[in-house]
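What follows is a pair of complexes built around chain A, which joins chain B in one and chain C in the other.
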Partner chain A sequence: MMTVFSPAGSIRRRLVVILLVVAAVLAGLLFVSVRTVANTAVETTQDAILGAATVAIAEELRGGEDGLTIDIPYAAFSMLGATGQDRVFYRILVGAETVTGYADLPLPDAPLSGLKPTFFSQQYDGDVVRTGAVSRSVLVDGRSQIVRVLVAQTRTAQDVISRQMANQAAALGLGFFVFAAILSIFTARSVLTPLNRLAEAMGRRGPQDLRPVDRAVPTELAPLMQALNGFIARLRGALTRTETFITEAAHHVRTPLATVRVQAEIAMRQTDDDALRATLRNIIRAVDDSARSAGQLLDHATVVYRADQRADELVALAPLVLDVVDSFSPTADMRDITLRVDAPDEVIALQFDRLLIESALRNLIDNAVKYSYADGIVDVQLSTDDTFAKLQVLDRGRGIGDGNSVQLAARFKRGENVGDVVGSGLGLTIVRDVTRAIGGSFDIKERQGGGTCAILLLPLA
Partner chain B sequence: MRHIIVAAGLTLWASMSGAYEIEEQAVFDGGEAELSILSTTDTEVFAPLIAAFQAANPGVTLRYTVATSQQVFAALQENAAFDLAISSAMDLQLKLANDGFAVAHGSTETAALPDWARWRDQLFAFSQEPVVIIASKAAFDGKPPRTRAELIDVLRDDPGRFVGRIGTYDPMMSGAGYLFATQDARQSDTSWRLAEVVGGLNPKLFTTSGSMISEVQSGELALAYNVLGSYASQRLSGGDAVMIEALDFTHVLLRTALIPRTAERADLGATFLDFLLSEEGQQLIENETGMPRINEAALAAGPHLRPIRLDPGLLVFMDPLMRQQFLNEWTAAVVQD
Partner chain C sequence: MRFLLVEDNHDLGQSVQTRLSLDGHAVDWAVSLGDAEDHLATASYDLILLDIMLPDGDGRDFLASHRRAKRDTPVIVMTARSAVADRVALLDTGADDYVTKPFDFTELEARVRAVLRRRGGAAQTALTYADLTFDPLAATVTINGQTKELRNRELRLFEVLVAAPDRIFSKGQLCDRLLSAAEAVTDNAIEVYVGRLRKKLEGSRAKIETVRGVGYRLTET
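For the complex of A and B:
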């Protein structure tokens, strides 16, 4: 059973979004600051020119017997055209009286501080104009008069320069943002790489793989790794304890059962009472049943445990088959069942855990003998092609009925036509687990002409 | 089809609406729409341009009014309704544009103009004319002066020959003359020396280039100083009078046009302006009117040529006090009686 996760957002997306927001804010700040600095620089420059023109005019003012003489230097106005083509206005006042220029050009609010120009902006004749203003005293007709000089200029050129700079600043900010955006995507990817690798490695693990994770991870992932490894260790411990418990339990059950069986047989021999003998036979049957189940539980636990931690060796298949078949002779003889082995002379070898193969084979033959009728024949046939060893166990028993091999191999699941034959339902599960561990395949089906045909395909060494 | 109605002759004629005065008015009949142009350039000079314009823009009647540059300036300051104002007085035109009497205009033709040939997007030059000296070869023994310094030397060496025979613009009466005189004054001190020397020779003062040229041709004048080259080059061919571009410096006047803010058909004014600046218009100006077209290469080829710059510096001598002071000084130097 798998729990399907619905992910709560993506770290990468969150990281990228945060980085993009930071980049956007920085780009905005860059734009604003570049613009502000540029505007200030342009305005300062323009003011300097305006101031120079104003002062130049003021310095050419001459007092005299018959009034004020003004001599506006040609260059004073000409230089105002240096940075662009702006409209120019001026006004010269003696005291409160405008002597020349544009009489309606607004005066500054604050008093003027001599020849150091005062600058101010205001509306004039439909345009915003920047005005430079200075004042000085001139002796006119023997009296000291305050003369004020105002020179005003529209700011078209400054606006044009400012707009160009704003565009450049915007381009700069945008460029910065794009660069930061690309960088943030790379950063997010780089930061998440160890996490992705770890997730991938965990995903690649088989269901039985409970080894600790030992890959090198960044410091930030160390707690996760420790927790993960701790969890794996606890899981492995729990599994091991379970298997041990089953093994112990089976072992502890089998030994007293054997004693009960021996005692029951002795008792049966010593009594002539048919009813009692029948009872005792039932007891023996039940004990056999329990012993077999215990044995198979033990086998299964062994298979599960050894499938994880197997002791592989080179196993010659033919002698192993003969050994196992031999071990069933007494049981088979009791029911007059003939066991036949058909194995080629050549050596067929597997690289696997001998105990597991033995266990699988034993369960198959056990089934075949168990479900055969008396006087039947069980054939064990070993053959090979280039890559697989094929082991078939054939009987003429009652067959498997309608159930298929997959269902039959399920744990504690027995066929529908088992009838009175004792069994735990673990046998085929063991066979399946073993073939799965070795990387082979297992199939069980009705044999033509009656009976069962079990086929194991095992990869050769 | 088209015919010219001359409403007034060369006599001064007070307009109905205001105090400004015009010299003549011609109506080139063409259709419903009426384009009204106020100009300092004579009607016959502009006639080929007007004909070509009407051929390209049928349905436009063109009212062409001629006035002096000062009257053009006065008319616009009085908010007279004209769709285009053309003048040779750059300072007056710049003052009009600076003071907000012109509307902005932008087109591919205006964008193609060199920077020095326009101011803001309001004032546009369509011809460039050197301000020259016209001299009678006979009066200078076949060796007319090439610079102002040479001219001063000749005048000082033999003043008797030149008394009453030097002509120049009267800056008090003529806008162009005032512009030339002020530009001379700011260009070099030689101009003041020349003014003093000329002043000692009892010079004759004129209000038009044409009359000065005529008097040099007739032999009444030995030399005319500050004459519009475009008028001269047309009329001098093979005679005794020669045109001299002074090698120390020769001002180049830009004839400019602006669309007044009072224009009733500013669109037609703009169309005519674009026509003047177009390749077709410029070729007509060069070939048919005798005014040199806007030509940056020609300026580059003549290092003595100094185009009068369209910049706020022109406003300086528009100041009434500055004007008064300048004219006082000029009169003191030239009119020494």
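For the complex of A and C:
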């Protein structure tokens, strides 16, 4: 059976997940940095306006002998008002005394640095306010006094702008993420394409195809290809050695056997001694028996191997049957046995390994001929319904006695009534194994009126 | 018939040569592919019996070049391999048929006959004896213009008898020619085929005579 292995994760999934994580982190960073930059820009702009307003007020301060003149310039507030519905507060202190404005407007913690505005944020009157503060010394009554000017503004407009900026940054980040995600899926696919093509090409190969893989692959796959080709070469080498070994073994065993058989035949020709002839006949039969067993064992091994590694093709059954029957006709002819084939004209095709079907067929027909009496008739009938091809091999031979298909198909098991017919007990085992591999059924039974009836049911393509 | 046997194993080659000549065939024996080429260059054969593993090469390569050269002498391969795959490969290479070692000569003969028949049978001519014509390849006897078909065993029996008219053949000798060596022999087997052949020869001056206690012979009356 084909080995089904469970994959340890997917390269594509890993690649996509990693790329998505990277994209998410980058999108997050993008969002944060865009927002920070935008916020800073908004704040800086706002501070500049606030600072300008504060400085404008401070510059309009006039000291004099009768006190301090404060002329709050309208333009200072209109500058601030331009930014929306924010509330504006101010406070002017001479020394530690508030002379005008909101006396509770908080002061900065740090000392002020003249007309260069100091900015700070503070909670005031239920809102966060941004305050700009400057200080200036003014001559009042001939004395130099430190005057501090504070202008504060709520941040509603700034917050609105910040929120808008944040939304835009989020949209940008999300857009970047989606784009990167799509890109990563494409990338994963494109990176894996050579690998997929290679896998596909390997999958398409038949079991007999042991040519090295000759494909242009990316550098990263080169070691894999080298390993693969090395493996294929080793496998091919091993198979070739096995083939050579089997061929040579067969040659070295069968050639002397053939010599023994021919010489026994010659000896038989040259003697009239019945006892000697019987002995020679036994020798010949033993030679046939051993040669046959060896052959059938090898055939059986081949069937078992090929049932695993099938080279499936579309097999037209009728021509194959005719071909096999034809190859048996000289053997049948020797004993005046007539081989008859009855096959319909329509094409009956199976999707299977041709050699396996041929092996099964040969064994069935071989049996029918072998166990037939001289002058007998062997019928091979092929018929079909929608799902199965039915192949029957019928003879008028000695039948199968009390045996049934299960017993007879067991390895090395032969019927009770085989008598002196040469056999290995593997023929029906081969038929059974082939039928199992193709998903069909096999039955052998006594034929009405004497003889054997073997039935193969094979699923159609 | 004239055979070219290509086989490097000395014992087997000699045995096959002897065995075929017992059936009245002429056999030239080559021990290598080069040797076989030499024989083919100087003589013509009805059939080549070819081994696969030879000292100077693979019989299949020889077969392929034999076919490429459009030489049409039929080839039967003697192979040591019996698997179906090998058979298919051999026939694809251009072998007319094959026998698996060890092989039965009755079967070899049957296959040779089938191959020659398929090839159109230019190899053998019809024989005449008394008032009948015998065509071994078509398996027919013609008596007074009337053609009768012979079944395989009748054919082989007649072949043996007609090759040496008036010579007496014992049942044992005829058995050897008719039955495969592995087959069980029943005493009346030969009688059955002699009886059938006599029926086919009815109306001819050729007769199969029973020589009591000895065997049979073909005579002309």
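What we mean here is this: the second predicted complex is superposed on the first by the 265 of 461 C-alpha atoms of A that agree within 3 Å, B and C clash if a C-alpha of one lies under 4 Å from a C-alpha of the other, contacts with A are read in each partner's own complex, and residues count from 1 in each chain.
What we mean here is this: contacts are C-beta pairs under 8 Å (C-beta built on N, C-alpha and C of every residue); 3 or more make two chains touch, one makes a residue touch a chain.
Being a predicted model, the structure only gives us computed values, none of them experimental.
Visitor: Which partner does A:T193 reach: the first (chain B), the second (chain C), both, or neither?
Guide: Touch partners of A:T193: none, neither chain B nor chain C.
Visitor: For A:P330 in the superposed arrangement: first (chain B), second (chain C), both or neither?
Guide: second
Visitor: Quick check for you: in the superposed arrangement, does A:V260 touch first (chain B), second (chain C), both or neither?
Guide: In the superposition, A:V260 touches chain C alone.
Visitor: Contact-wise, after the overlay, does A:T36 reach chain B, chain C, both or neither (first, second, both, neither)?
Guide: A:T36 sits against neither chain B nor chain C.
Visitor: Identify the partner contact of A:N167: answer first if only chain B is touched, second if only chain C is, both if each is, neither if none is.
Guide: A:N167 contacts neither chain B nor chain C.
Visitor: Going by the contact rule set out at the top, does A:T100 touch chain B (first), chain C (second), both, or neither?
Guide: A:T100 sits against chain B, while chain C stays out of touch.
Visitor: Could you figure out whether chain B or chain C reaches more residues of chain A?
Guide: So, of the two partners, C touches more residues of chain A.
Visitor: Once the structures are superposed on A, label A:L80 by its partner contacts, choosing first (chain B), second (chain C), both or neither.
Guide: After superposition on chain A, A:L80 lies in contact with chain B alone.
Visitor: Where on chain A do the contacts from chain B and from chain C line up?
Guide: none
Visitor: Which residues of chain A touch chain C in their complex?
Guide: Answer in residue numbers: 246-248, 250-251, 253-266, 268-269, 272, 274, 277, 280-281, 284-285, 287-288, 291, 294-295, 298-299, 302, 327, 329-331, 333-336, 355, 358-359, 362, 374-375, 419-420, 422.
Visitor: Once bound in the complex, which stretches of chain C touch chain A?
Guide: Within the complex, chain C contacts chain A at residues 9, 11-12, 15-16, 18-19, 22, 52-53, 78, 80-85, 87-88, 97, 100-107, 110-111, 113-114, 151-153, 170, 172-173, 176, 180-185, 189.
Visitor: Hey, which residues of chain B end up touching chain A in the complex?
Guide: Against chain A, chain B makes touches at 97-100, 119-120, 186, 309, 311-316, 319-322, 325.
Visitor: Tell me, which parts of chain A touch chain B in their complex?
Guide: 69-78, 80-81, 85-89, 99-101, 125-126, 156
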